[in-house]
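Next up, some structures in structure tokens.
You will see two complexes here that share subunit A, one where it goes with subunit B and one where it goes with subunit C.
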Partner chain A sequence: MDVDEVNERAGPREFGPHDDLPREYREAATRMIQFHANSEIMGAYLEKPFIRQAPSLDRKLALSAKVQDEIGHGQLLYRAAESLGVKTRDEMLTELAEGEGKFLNCFHYEMDEWWETPMIAFFVDGAAMRRQATLKRTSWEPYAHAMDKICFEEGFHVKHGEDIMKELATGSKKEREKLQEAFDEWWPRIIQFFGPTDDQSTHHDFAADVGLKTMTNDDLRNAFIDAYVPKAKKYGLEIPDEPRIRERDDGTYEVVEDDLDWSEFFAIAKNDYDPGKEQIGGRRRAQEAVEWVREALDDHETRTRGREPQAAD
Partner chain B sequence: MTALDPDDLSGDERTAVEHLLYRLADDELVLAERYTEWQVTAPTLESDLALANIAQDELGHARLWYDLLQDLGYSESELIYERDPGEFRHATLAEVPFEEGDWADAVVRGYLYDVAENCRLEALENSAHPRIANRVSKVRGEEEYHREHARNWLERLAGDEDGRRRLQTALDRLFPHALTLFEPTDETVEDDIVGMGIRRRGLDDLREEWLATVEPFLESVGLRLPMDPDDPADRLPDAVGRDRSHTDDWFDLHDEMTHTYRELGRTETTRIMDKPTDE
Partner chain C sequence: MIWEVFRQEKTGEYHTHCGNVHAPDREMAKMFAQIQHGRRKPTNSLWVVPQEEVGEVDTEEARFGGTTDKSYRWAMTYQGVDADFAEEVAESQQEQEAAERQRGDD
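Presenting the complex of A and B:
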């Protein structure tokens, strides 16, 4: 199949591993799914400390399950990416460890305290949900298939995130203040989640043409603002003055670009932002520390190949 | 008797039941807390998911046992978040920290603990307290998978020279702490626990049964127990946990666990799941 034919046939779940797809398609899909998978892993990395710091046993269990789900999503997505035949999972995990793998802007920031957790678990996950729901109709079938499970589980995560937020929003004065502080800090990053309004993404057109992406960042941002500004207000949060958000006559929103720090955003996009680099490095060191286990497993597999069935884990 | 009604328990009986529940609940909570350290940093995505499962099982078990203590009048806050860390009863095997990358520790610790867990749960199946007995079967079903997981990892790692060396190092360090699983919280109370039929077997018995399982298996994969066979208890560490003596690491861990609760000035904990049932 050449690119023209791909463009012509592009539609929801249209292509799978049995199709002979052009390199351009396979690379674009790999880039997109790898980014998504990396984001699952780095999001989990950011939330992990709050398993320990959760202020109740039930919250602890829910956080542990959430972090586990995110790793499971990473596993599914790497598999969906691997099926394109461009990179292996090991290669993608190595790229992530070495700071070459890209991932969501919000996961490059530090998260220090419990009251920040709804910023990820409610707002960022909520934003991600909107994007992910559209990906159930992406043209790479294994990706769409992974989305079915991921969206189902993310629904629970967002509910739990909202529950944590509600608890803080209806809690003591200190809790409400801490929640507002966290919101002030995270809101611009959350808006930037969708990229610049005039969409400088060079990858978009092709990805849209071949049915990998089904909605533009602008449309997604509008839908997010439409849904989440009222939700934030419902929990007593004041929307920060900046970035200024103006409603247009057609009901869509304009975000005043100059109110956002785009040099930081583009540094993050290049994995060149200090807190994010720390997080990448922390994960890399942890991975290197267990390299010996992977080597021992490889040895074991070589020795026992064909002699006994392997356990799944 | 259908409930652990405090009015139905004599003073000594209540103390014995409480000590037994603290042993169970604190072990599960603290070990699970340590296991979660491996989330996102386990050797492979698959092993990450598997150990997270085990951690959540143990947290669920902790919840079951703390729930029985709640029926005796304590709140979760009192049992975990506002409890003096120097009052916890878990074995020090649960609290000692993992060194970064020491997956051998996680495997050995899991194995030593899960076999012990099986021995003690068996001895609780016919507990004179039906509510304890009722919850045992729920827990045992999951523990079988934990043992299989641990044995499988031991076999795979022990087949590799470097892996076996690391396992032996972990075993040498952890074995004394594992022995604390079988220490009494208090001699008199322990006598009551067995005498009143709350647990059907004594701790020495359980330790022998445990040794009879772990020793041959570990030997079969090329590992040896660091102990005097005539006096297995002679290797106890300085802090044994059960009697409320702990390593410094436990106090740090408790401090981290309770950080948010204290920082927000909370006085109670949030329940988001239904209270466990006895069915």
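Presenting the complex of A and C:
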């Protein structure tokens, strides 16, 4: 199949491992899914310390379930990426450890305090879910299939995130103030989740033409603002003055790009932002610390090859 | 020969086990399955599978999860916040509710 034929046939769940796809498609899909998989893993590592810091047993249980889910989502996605035949799972995990693998801007920042957790658990997860729901219609079938399972689980994550936010927003004066502080700090990063406006997006055109992406950054950002700004207000949060967000006559939003720190954003996009390097290093050390487990598993598999069932997809 | 029968009610749904039939071959099994399992309930498709082809692992060999109360991992638990503000959150919760109903049928 050449790129023209891919463009012509492109549609929801149209292509799978049995199709002979051009290198351009397989590389674009790999880049997109690897980014997504890396983000699941890095998000999980950002939230993991809060299993210990959570203020109650219920929160600890829910957070550990959530972190476990996110690691699982990463594994599902590496599998969907691996089936494109461009990179193996090991290669992608090594790239992530070595600071070459790219992931979501929001997971490059530090998160130190409990009252920051709804920023990831509600707003960033909500933004991700908005995007993921549209990816159920992506053209790479294994990716869409992974989305079915991921979207099934995410409803719990987003509602639990809102539940934490509600608790803080109806809590003590200090909790309300800290929640607002966290929101002021995180809000511009959350808006940048959707990247620059479409005319500046580098990879969009090809990914849209071949059906990998089904909605533009601008449309996704609009849908997010529509649903999540009223939520923030409901909990008494003041929307920061910047970035300025103006509603147009047609109900869509204009975000004033100059109000956002794009040099930081693009440094992050190159894995060249110090707190992000810390996150990458933290995960790499965790990967190295459990090297012996992988070795034991590999060793077991080599010795018993052909006699025991292999792991299913 | 025993064939296990799985029925799908609507396109896109899972085939779920609904019983079995005795038949000498696959064609007869499909016919008996239609007669015995496809007549009285809404049916979109049936699978027949030779019983000896089904792999099983049970509580004698394995320790399954699912004995602890894990309600904290379901969207429905968080009743103080609504799911309807975003269609994708509402949809996720509906899928979880459907899965819970299905488990309840067992």
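Here are a few things to note about the model shown:
To be clear about the criterion, the second predicted complex is superposed on the first by the 303 of 313 C-alpha atoms of A that agree within 3 Å, B and C clash if a C-alpha of one lies under 4 Å from a C-alpha of the other, contacts with A are read in each partner's own complex, and residues count from 1 in each chain.
Everything below uses one rule, namely that a contact is a pair of C-beta atoms (placed from the backbone, for glycine too) under 8 Å apart; a residue touches a chain by one contact, two chains touch by 3 or more.
All figures in this text were calculated on a predicted structure; none of them were measured in a lab.
Of the two partners subunit B and subunit C, it is B that touches the larger number of subunit A residues.
Of the two partner chains placed by superposition, A:Thr30 touches none, neither subunit B nor subunit C. Applying the stated contact rule after C-alpha superposition, one finds that A:Ala44 touches subunit B and leaves subunit C untouched. With both structures placed on the common chain, the touch criterion links A:Arg130 to subunit C but leaves subunit B unconnected. Legend: residue contacts after superposition of the two complexes on their common chain; A:Gln192 is shown touching neither subunit B nor subunit C. Contacts of A:Gly171 after superposition on the shared chain: subunit B is touched, whereas subunit C is not.
Once the two complexes are overlaid on the shared chain, A:Asp163 sits against subunit B and subunit C alike. Look at A:Ala62: by the touch rule set out above, it reaches both subunit B and subunit C. Of the residues of subunit A, those at positions 58, 61-62, 65, 160, 163 touch subunit B in one of the two structures and subunit C in the other.
The touching residues of subunit B, when paired with subunit A in their complex, are 29, 33, 36, 39-50, 52-53, 55-56, 59-60, 62-63, 66, 76, 80-81, 100-103, 149, 152, 156-157, 159-160, 162-163, 166, 256-257, 259-261, 263-266, 269-273.
If you check the complex, the residues on subunit A that touch subunit B are 41, 44-45, 48, 50-62, 64-65, 67-68, 71-72, 74-75, 78, 113-115, 160, 163, 167, 171-172, 174-175, 178, 283, 285-290, 292-297, 299-300, 303-304, 311-313. Across the complex, subunit C meets subunit A through its residues 70, 72-75, 77-78, 80-81, 83, 85-93, 95-96, 99.
Here subunit A touches subunit C in the complex through residues 58, 61-62, 65-66, 126, 129-130, 132-133, 151-156, 158-160, 162-163, 166, 227-228, 230-231, going by the rule given at the top.
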